[in-house]
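Take a look at the structure set out below.
Every chain is named by a letter (A, B and C) in the order it is written, and numbering of its residues begins at 1.
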Amino acid sequence: MITKQEIREQIIRTVETVKRTNPMAGSITNMVTINFVANAQLAVGGSAAMVYLPEEAEALAKAGGATYVNVGTLLPVHEQTLPHVARVLYELRKPWVLDPVAVGIGSLRNRMLQRFKEYKPSVIRGNASEIMALAGLWELEGGTKASNVRGVDSTDSVDSAKAAAVALARWTGGAVAVSGETDLITDGSVIVYSYGGSHFMQKITGAGCALGGVIAVYATAASPFIAALTGTAVFNLAATRAENKVLGPGSFQVRFLDELYKASPEDIADNRFDIEEI
Amino acid sequence: MITKQEIREQIIRTVETVKRTNPMAGSITNMVTINFVANAQLAVGGSAAMVYLPEEAEALAKAGGATYVNVGTLLPVHEQTLPHVARVLYELRKPWVLDPVAVGIGSLRNRMLQRFKEYKPSVIRGNASEIMALAGLWELEGGTKASNVRGVDSTDSVDSAKAAAVALARWTGGAVAVSGETDLITDGSVIVYSYGGSHFMQKITGAGCALGGVIAVYATAASPFIAALTGTAVFNLAATRAENKVLGPGSFQVRFLDELYKASPEDIADNRFDIEEI
Amino acid sequence: MITKQEIREQIIRTVETVKRTNPMAGSITNMVTINFVANAQLAVGGSAAMVYLPEEAEALAKAGGATYVNVGTLLPVHEQTLPHVARVLYELRKPWVLDPVAVGIGSLRNRMLQRFKEYKPSVIRGNASEIMALAGLWELEGGTKASNVRGVDSTDSVDSAKAAAVALARWTGGAVAVSGETDLITDGSVIVYSYGGSHFMQKITGAGCALGGVIAVYATAASPFIAALTGTAVFNLAATRAENKVLGPGSFQVRFLDELYKASPEDIADNRFDIEEI
């Protein structure tokens, strides 16, 4: 099993590489949080670009080191763009991060998410209800038949999504990150619990989306598992640091971006986590 | 006539219920201010979710306690989504808030707004020019034939929209909120004037949209009239408090979200207002 | 050749006129930075309105004093909207600002940008790679055959785009602004270099887009060349002032908007610049 020390070293290397190389990770993402996703990606040292058309998504997928796909606010054009870009990424063996926002609230969304099964996203990031519903949609262990997603919120605990997260990671051969009070990241053979964060993360829109975008940035420089861990760690660290210095969710979001930017590789690696063998 | 004390008690109850139950209010809204709308809804204790497709809008309309509809930046898909979701909401007798942004600048916009007449939005929120133009479009008293809307700005005073607001509220059986220096809220039988706010509200985009979204959150827990009053009161309070502590519109928007979050039920209820019988 | 003193006087007049008249400049712009564009336009004293449909873009083009066109995140509807609004603006002899974001990453984008050649945008604003790629697309001097744009970032220096900028300005009869460490603005006969700014401008998304929107606001009250100069000067001034007072990119963006709002006509005119005859 990978040791804590090995994980720490890989996190440090990942953060340093990103800060040095300013890697581009393109996104097809929702319109609610698109600005926050881009700003979070820039804050950790990446470069962001967002598109909607199939051909442009393909161009970004080829030009970028990794791609972020978030199904938050679908438009008709997504019916062409999403399966196309997922296939391109899969065929190029390029890492991509899937955010199955609000899985279950419509047939296009479910159809898109169903098709992603064959294109094996390198990282799947979601809240517990989304992870369980996606596993259900893909007919994997731990999945739920009906989605418990309420709008974009989870109604399940991170722990209840453990089996689904492991099953998804085993299917894709990549990693799964479940966001919640304590975050769970797995590559299908070990589970890491990442601590920290802030209650304000629930009071700003897009904390999960921004994490997905940042994981895509790190996935340009690390394995899906280490990318998911690094992204989760810097978010937990920055949120903890920001919370103590702010008055409410407005100033929290501002300070959170500042702390993302300021976090050193060592501090990110030292953010508290535990490992569990499956 | 309802007394000031009764209004205060209902505002307190509404704010407390929302803070306790975290109700979901979905939105079909414009892309300029969609992030601010969601963050304002979260700040007062609600849950936000935004969609564009007809089927997903229907799902949100059914799942949420109320819905916010803003016609700010129309895309072709809105031609299907908007009348569909309005009819669903009307048939389910679920509260919904209409923001007739920039009424008059295009035929799709006017066609959509015209069709909403039969689906009787529970709350209509707009600036004076928008309220008068909508009343004109619906051929109600106080309406203007041509829209005086300039882009998204009003060129009329709140007072000049009084007859139109009352006529709209009588038609829908709901409430109308006219935003301006002093805000006017009516249910067609009484008018409440709500005081406070800040000149900075004109210097940030989306103050009106965010108010519409917050009124939808309160409409999950109160009558349209009390929801419109509560939303207007917390906005006036938060804006007044924020203005004194900031340097310009950037820090104003941040502080405004903080103050929305911190405002207590009692302070919101105590924000100055006057009642006038019609 | 125009003198520094004449330029300073025209900048002061432009800033004062905008602050006094609150002119409307509509936008067709991307969804990543649409909120920041609007807030920057409001901060300098303008009025903002954003649309996507052809008919509504025409209405805004006619109602506004100038229009901002940014091809950042294209949707299918842009295929109708963009050439239509460009032709309307050209025929009305109304100023418009073109932001050729990410030129080269798709065929619709290139087709749109190619068609704009005949509609002669009053101001073209972009980074060095975009300016050179656009000149190439239009088969003008200094242009590059292939685009060096990486996502939305430049890989070329401002100086290397000088010939392309001059050629574009001579073709349109307007002005070109190249954003970079030192900004270059030309009307085809003189070049102005504008100094200041902040390294944080690269760490927030949309600094370029917001500048384009603000130039459109100033273009309602000045020649394309003076509008481009004024917008660039206020951005460099506000960025310099903001940088010293912030902890990271989150607080930088907030403070930058505050400084845009507070900048006096005289201070903007006094922001350091040099003139060079071609």
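The rule we apply is simple: contacts are C-beta pairs under 8 Å (C-beta built on N, C-alpha and C of every residue); 3 or more make two chains touch, one makes a residue touch a chain.
Just so we're on the same page, UniProt names per chain: A, B, C = Hydroxyethylthiazole kinase.
For clarity, every value in this text was computed on a predicted model and none was experimentally measured.
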item	value
Least step count from subunit B to subunit C, where 1 means the two chains touch	1
Same or different residue numbers at the subunit A/subunit B copy interface, by half rule	different
Computed distance of Cα centres, subunit B from subunit A, in Å	34
Overlap residues in subunit B, where contacts from two or more other chains coincide	31, 35, 75-76, 253-254
Subunit A residues within the subunit B interface of the complex	30-33, 35-36, 72-76, 102, 105-109, 150-153, 202-206, 246-251, 253-254
Touching residues on subunit C, where the partner in the complex is subunit B	24, 26, 31, 34-35, 38-39, 42-43, 47-53, 55-56, 59-60, 63-64, 75, 77, 253-262
